[in-house]
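My questions all concern the structure below.
Chain naming follows the written order as A, B, C and D, and within any one chain the residues start at number 1.
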Amino acid sequence: MERRVQPATSRRSAALRAVGDRGCRYTLGCMASFEPADPEFELRVRASFARQRMMATLGATLERVAPGEVDIRLPFRADLTQQHGFLHAGAMATVVDSACGYAALTLMPRDAALLTVEFKVNLVAPGKGESVVARGRVVRAGRTLTTCAGDVFAVELGEEKLVLTMLATEMTLKGRPGFSD
Amino acid sequence: MERRVQPATSRRSAALRAVGDRGCRYTLGCMASFEPADPEFELRVRASFARQRMMATLGATLERVAPGEVDIRLPFRADLTQQHGFLHAGAMATVVDSACGYAALTLMPRDAALLTVEFKVNLVAPGKGESVVARGRVVRAGRTLTTCAGDVFAVELGEEKLVLTMLATEMTLKGRPGFSD
Amino acid sequence: MERRVQPATSRRSAALRAVGDRGCRYTLGCMASFEPADPEFELRVRASFARQRMMATLGATLERVAPGEVDIRLPFRADLTQQHGFLHAGAMATVVDSACGYAALTLMPRDAALLTVEFKVNLVAPGKGESVVARGRVVRAGRTLTTCAGDVFAVELGEEKLVLTMLATEMTLKGRPGFSD
Amino acid sequence: MERRVQPATSRRSAALRAVGDRGCRYTLGCMASFEPADPEFELRVRASFARQRMMATLGATLERVAPGEVDIRLPFRADLTQQHGFLHAGAMATVVDSACGYAALTLMPRDAALLTVEFKVNLVAPGKGESVVARGRVVRAGRTLTTCAGDVFAVELGEEKLVLTMLATEMTLKGRPGFSD
């Protein structure tokens, strides 16, 4: 059985057509169904995450890896807090930056390396609870640049509450021998 | 029949609880059901929009006004283009800035004035087609600051395509006599 | 007499070394001296600006064009205002987006086309006065992406006041026949 | 001898007038001379920094504290890296977020608490070297919101190189008993 990998262009059109088909008002709310260029995308993301030593330092774990979507969990730890005892915005930005980057990597070709170009975060509630979960997802995947959105939710007594939202640009680097993800 | 207007705090909790209830993975994809503080919110938004002379200059029209959500349409015009003949990013940013601001205003109390604090846009496709529609929505409404997200879709032959996505911060100004929206 | 055009890499190192040499605390305050790749950069920027029909619609004029720096002036006009009678944030974002883009274009090779990837603006004072001047400048020029910063100042009775500040990413598009700036 | 503390409004005007006086082209490059509202600002910033346990976890140290300007140093550590062995963007964003926040706090009144509303970073070079220094500074201080800019420089063999630049919004919270910085 053959896995059909569409070229990037038609994949994008398909994704965007899907948005219209479902009659969604907002693209961000309509997860387009992305087709990964590399069937081994999950292995690649998990191996790269394991090399991000910052994740181990924070105690973050990689959870879900799906085409265009990645979740990372960060358990609350007192040594990651700011002056009021909440998780430091930077700790949460770190995990959602990785979640957005890896969401982009799920759709990149095998020999590509991933680079974060820029991101912006809005902090909407204090980072508290038992843990936070950062969810990154691809909004639009281009040949060179991928736009991602991410959310961080605080989890407390089984309930999720939005604490941070991110909009980010990721870059696909190709043709740099010895430099890939 | 009485219209129940919840205080801001419980309204927010309700909105956020709703997110969990529906089992949504991403807040931006789960439109919380906001309760406007001023039942006349639509009149107020339409009157304020009519005073934004920039909208008339661009030929933009206010379409949908709902609690926490506003749509503005901008028909394509050659005199709004950049050097390659596409809509100037600034023209699209202008209408989605207004859409996000007015989405926030739908939830503000009657005597409040609206101010954009900052916004960020990512441009993901050229602005072309018959028109673009800018959709602003509230992500989280606070007492002083409201976080909004917006999208601009190009409309061509009945199909919508994402061209720009925005993340913005709006401010509620109160107690400034003679200064309201 | 020969005009020496350094390759992009050594040009960047020179620029960054310059920052250290001058003992500046902040890069944004230390204008690196950029060497344009195309000696005709000013002609090219002025010709591309003339094709941005949005600029004529707003009444904006291109003033200074220097390597890595471009100024655009926007005279105050009542038909560019928001609901409180100040210049619409979008009108100011439009001119400073063009100023940042053209600042980047001054350093791009002759066959390149310019694309804005994303920008973020902070609004710090109302847009009023006789005119505003938007100043874009290159913070760091890369092969594919250029980071720019921009400011908009309101000019009133000979005094300038900061009203908006921008951070933006521009892209160099090459090898697209018939598509250049 | 009396220390004259100007009210916020005239302080701002003075700062902005200063920009014009010095004939600076860009506000970000012209450090306005801010007058702190609380003469004990440095003590307050150093005490609050000491409570940010995330700083100790990263190994970051508070260096310079001046009115409207704060520097934080982060020595390179392998356990703060991403998958290519460079400092994780999130680690650098964390220290420059704190630097911008504390730059804002230097100008806030004694009973105020500090909150980061949002920030955006552009990554312009890999985070490597012996250490990075994050410099935050106030661009414009308002009653409720303060706009800050920040830079992160990599330090290697005595030379500084820009690796990241930030634009951020900070909020002054007042009248929350038991909640201050």
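Things worth noting here:
What we mean here is this: a contact is a pair of C-beta atoms (placed from the backbone, for glycine too) under 8 Å apart; a residue touches a chain by one contact, two chains touch by 3 or more.
Keep in mind that this is a model prediction, so the values were computed, not measured.
In this structure, the chain pairs A-C and C-D differ in their number of contacting C-beta pairs, and the larger number is found at C-D. Ranked by separation of Cα centres from chain D, the top chain is B. We define each chain's centre as the mean of its Cα atoms; on that basis chain C and chain D are separated by 25 Å.
Computed from the mean C-alpha positions, the centre of chain A lies at a distance of 28 Å from the centre of chain D. One inter-chain figure worth recording: chain A and chain C are separated by 31 Å, centre to centre, where each centre is the mean of the chain's CA atoms. Multi-chain contact residues of chain A, defined as those touching 2 or more other chains: 117-118, 120, 122, 169.
Within the complex, the chain C residues that touch chain A are 117-118, 120, 144-145, 169, 171. Within the complex, the chain A residues that touch chain B are 16-17, 19-20, 25-31, 120, 122, 124-125, 135, 137, 139-140, 142, 147, 149, 151, 153, 159-162, 165, 167, 169.
Residue ranges of chain B in contact with chain C, taken from their complex: 48-49, 51-54, 56-57, 78-84, 88-91, 93-95, 97-98, 113, 115-123, 179, 181.
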